[in-house]
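What follows is a single structure, written as structure tokens, with notes after it.
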Amino acid sequence: MNIEMKGVTKSFGSNTVLRGVDFNLLAGEVHALMGENGAGKSTLMNIMTGLHKKDDGQIVIDGKEQLFENPKEAENYGISFIHQEMITWPEMTVLENLFMGKEIKTNFGWIKTKDMKNKANNIFKELGINIDFEKQMKTLSVGQQQLVEIAKTLMNDTEVIIMDEPTAALTDREIELLFKIINQLKEKNVAIVYISHRMEEIFKISDRVTVMRDGISISTKPTKETYYDEIVRQMVGRDLEDYYPTIESEKGEVVLEVKELSRSTLFNEISFKLHSGEIIGFSGLMGSGRTEIMRAIFGIDRLEKGEIFIEGKKVEIKTPNDAISKGIGFLTENRKDEGLFLDFSIRDNISMTAFEEFSKYGWINRKEEADFVDLLIKRLTVKTTDMELPASALSGGNQQKVVLAKWIGAGSKVLILDEPTRGVDVGAKKEIYSLMKELTERGVGIIMVSSDLPEVIGVSDRVIVVHEGKIAGELSKESLSEEKIMTLATGGS
Amino acid sequence: MEAKSKSITQTKAKRSELFRKLGPLIALIVLVVVVTFLNTNFINPTNILNLLRQVSVNALIAFGMTFVIITGGIDLSVGSTLALSGALTAGILAAGVPPVVAIFAGLLIGAALGLLNGIVITKGKVAPFIATLATMTIFRGLTLVYTEGNPITGFSDDFTFLFFGRGYLFGIPFPVVLMAIAFGILFVLLHKMTFGRKTFAIGGNENASYIAGIKSDRVKYTVYAISGMMSALAGLILTSRLNSAQPTAGTAYELDAIAAVVIGGTSLAGGKGRIVGTLIGALIIGTLNNGLNLLGVSSFYQQVVRGIVIIIAVLLDRKK
Amino acid sequence: MKKLFGLLTIFTMFLLGACGSATLEGEQSDESEKVAEISPDEMTIGLSISTLNNPFFGQLQEGVEDKAEENGTTVRTVDAQDDTATQINGIDDLIQQGVDVLLINPVDSDAITPAIESANAAGIPVITLDRSSEGGEVVTLIASDNVQGGEMAAEHIVELVGENAKVVQLEGTPGASAANERGEGFNNVANEKLDVVDSQSANFSRSEGLTVMENLLQSNSDIDAVFAQNDEMALGAIEAIEAAGLEDIVVIGFDGNEDALAQIEEGRLDATVAQQPYEMGSLAVQAAYDYVSGKDVENVISSPLELMTAE
């Protein structure tokens, strides 16, 4: 199937999102679609699949103009959209999820489980997926769920698949598998639109790249003929020379020391020291235990063994409340569930760890609070017109800044940042990095857990690599490279 | 360009917020105008005071319920708490204890019963609906056991106690005065103090609140204790007003209270709500009851109308 | 917790300080006791019914309305849905409307007192129906002689199953005067001539009558007769008895509502002490006319009773 979109425009009210986009997709290619958040990528794809109606322009499929009333129609035509946030039925089995709404049944509505299993088995075999049909969807890892979702689209002879950030939550092994599947699909002449912020993946898997900015398509090129810096420049509209800040800050005393932390099967004998003004990168594969260590230090999960020292003094941390009172802050990887109060105002979000500071006899001084929040909004350049707006009205990057502001406002001496730039666009990423540097200059010690290797290398003073719940090794700034980190992370030495 | 589009979605969010806040008030005004138009007796000052007195019991319970619902919980035991604390207070009065002490004791009993709900919910990790469903029947049963199924009467002709439910202060019924005081205190507690901020936080995102260092168990105890105490206060007013403690008092009152909270724009999912809305919600329900009586509408139709109003209120609230 | 005590203290302090300019409900005004003469066709009667979910009170309401309509009187009805507080509020609303006479069928004899005092203060004469009031000034009470009715039921049981038969009693809502009086009448006879093995409340409701009877049958399977203090409970009891496969237990109800009379014809219910609620309503309206036109009205007006059996 070949799709050609010409001069597509779209406005929501007085807000113009697309202003004449050209995009063409050829059968059997992987076409990367790049752009910052808000550039119009999702809107374009939603127009292609019938969720939104275009205002103007043309969509031609195999030489014929086509317009879908809704995504269901597009799906029947052979175009599927795998969204970043998948819609699944967590309590139901994999098989039930695969055939949701498309059950194979007799004329009397009796569901033919055996036929469904056979069909699913064939597809799973073809894709090289090995997942038990009878398992509940919720027991699967996010990566496995993603694979089930892909299998689901192939159930109905799909010719075009749109993938929005498919690797955001996958382990490296799962990414390998995904790429293998994508290559198989190419051979079967399926066209794939691949939306991602991860530059390395684009160069690894795509055939052509289209970059969008501010509702127009800037360029479409074969991937081989472009390079990293060019894409970044096209996305942000300027050069990003100092992408990672280079200011060297003074390392001071040890602010956090942990000794032999253990929790049964998750991690063992974890010891390290963090100095004030230092950024330690924590690297490791997904599921290696790096996030679990941080959650235990912060008192969310129980520690079975081990000691924690803050500025040389031994402390007991049983709840996050204890951790906060000792000066630790924790930005979790799960922004929506654990970081943000989406319906609450930006003000309430930012002052969530600090409002008691502005209170006398339990009475909140709203004026002082507003000044404080205002200061943080300016310092972190959160893009908003009004601090009383709900956090849900902000883009992903600005939401992350709000969560960060909350921990800075708590006056943390030790900041643990778990995947601080996940789902954040290039511009906001850069601002978050400079903010981290700025904090270290004021003597804050930072632990950054991240799967993004260029980021780990670019920002950290040293890197600790975790493998299967143990510290596999430590790399100093001078000796950092992606290869070395990956070797340690996969159990080599 | 991006900044512009953002500011548009932001103003939109703000406008719907404003509508959400004003919706119930507009509904109340429309209702008052319509009822007055149909029967001018309605707007008569004595009827308005009469109406406010009728509303006070439900409003007090609904104030407490607002806190509970904002944390994402529910308290089904309010009606039974009302009956049990009313009956125990009557018993205490009958034993010759001074009325002021008895009133104190009654409020404490209510708070203790609420606290019990809170403990079952937090320590026992029982869903609020189930926990308070259980205590609803337990408290009702205890009331019947204590009263042996008969109303308690003739326990006090003391002025102070009678004044509680039947008195007038500067021409205003005392239950209305109590409602106003409770409203003032709870408004400040919910919207101006750290306790209220924590109440909202727990309902808005319990995980994020825990990680932000908020001790949710403590907040929950207090919230259910407030609900219990407000029910007890309502129970004392009823006991004084009826000059008897009825074992079946307060049956199904939880539904009226929840209705008032929901009509007032508080979300049953938690994290969102206003106590002013609850007051307006209680006034809407009270105006309906009073107005439909004044208009001579059959009580069967009254129930139909009340249900319809609840649905309209919720639909208006959802309209953005 | 601190906040709770704060709340408490403020309430009490307010209470202590408030007594200065305070009055109580029912004390505000003292309009003249004498009622102005009104002709029936200019009169508005306010009727407060305990619950319209029970057909008995439905007939009572019909009796009031039909009699009133005959004479051109307007009737405003409020339903208390068996809740004492709702009833007081409803009566307040009727007083607000300026009705000329109040006919009240109380949910509870004690709890109705404040409402009657309010009506007294507003100078509106009150007539109670079926149940009395413990306080306030009432023109008259229209009620069946429940004590006599209870006695009639007990005597009839003795006739049917003989002396010293085993009997259970289903009581009405605790505290309701009808329940107390019917029980008193029944016991007057039963204590001498029958063996009352158990007596429990089923709150005048059919569904509770069913479950209470089921429970009673669990512990006493050899009973000869059941006296239910109203028909609804009797009809519930019959279902329980038939479900248990017992057939020769005599069941006697009270009230004589339509359902009960039909069941007597079918031979399921043995007898009922029939009240005549329609008549009761009618008598109440007549008493209101009499009072307003200055005639003497008795303190208690008995509404006729009749034992209805299959013959």
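Going by the order they are written in, the chains are A, B and C; count residues from 1 in each one.
Methods note: a residue touches a chain if its C-beta (ideal position, glycine included) is under 8 Å from a C-beta of that chain, and two chains touch if they have at least 3 such contacts.
Predicted model, so just to flag it, every value in this text is computed and none were measured.
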Starting from the defined contact criterion, work out which chains touch chain B and chain C both, please. none
Compute per-chain Cα centres, compare each with the mean of all protein Cα atoms, and return the closest chain. B
Taking each chain's centre as the mean of its C-alpha atoms, give the chain farthest from chain A. C
Just how far, in Å, is the C-alpha centre of chain C from the one of chain B? 31
Take the average of all CA coordinates in chain A, do the same for chain C, and state the distance between these two points in whole angstrom. 70
How many angstrom between the C-alpha centroids of chain B and chain A? 43
List, in ascending order, every residue of chain C touching at least 2 other chains. 3
Multi-chain contact sites of chain B, meaning residues that touch two or more partners: 195
Contacts with 2+ other chains: residues of chain A: 362
Spell out the part of chain C that touches chain B in their complex, as residue ranges. 1, 3-4, 7-8, 10-12, 14-16, 18-19, 21-26, 28, 52, 76-79, 81-85, 88-90, 92-94, 96-98, 108, 110-111, 113-114, 134-135, 174-175, 201
Residues of chain A touching chain B in the complex: 12-17, 38, 214-215, 298, 300, 319-321, 323-325, 330, 332, 337-344, 348, 352-353, 355-356, 359, 362-364, 366, 383-386, 388-390, 392-395, 406
For the chain B and chain C complex, residues of the former touching the latter: 41, 44, 46-47, 50, 53-54, 57, 100, 103-104, 107-108, 111, 148-151, 153, 159-160, 162-164, 166-170, 173-174, 177-178, 181-182, 185, 189, 195, 222, 225-226, 229, 233, 238, 241-244, 246-249, 251, 289-290, 293-294, 296, 298-300, 302
Which residues of chain B touch chain A in their complex? 1-10, 13-14, 17, 188, 192-195, 197, 200-201, 204-205, 207-215, 271-272
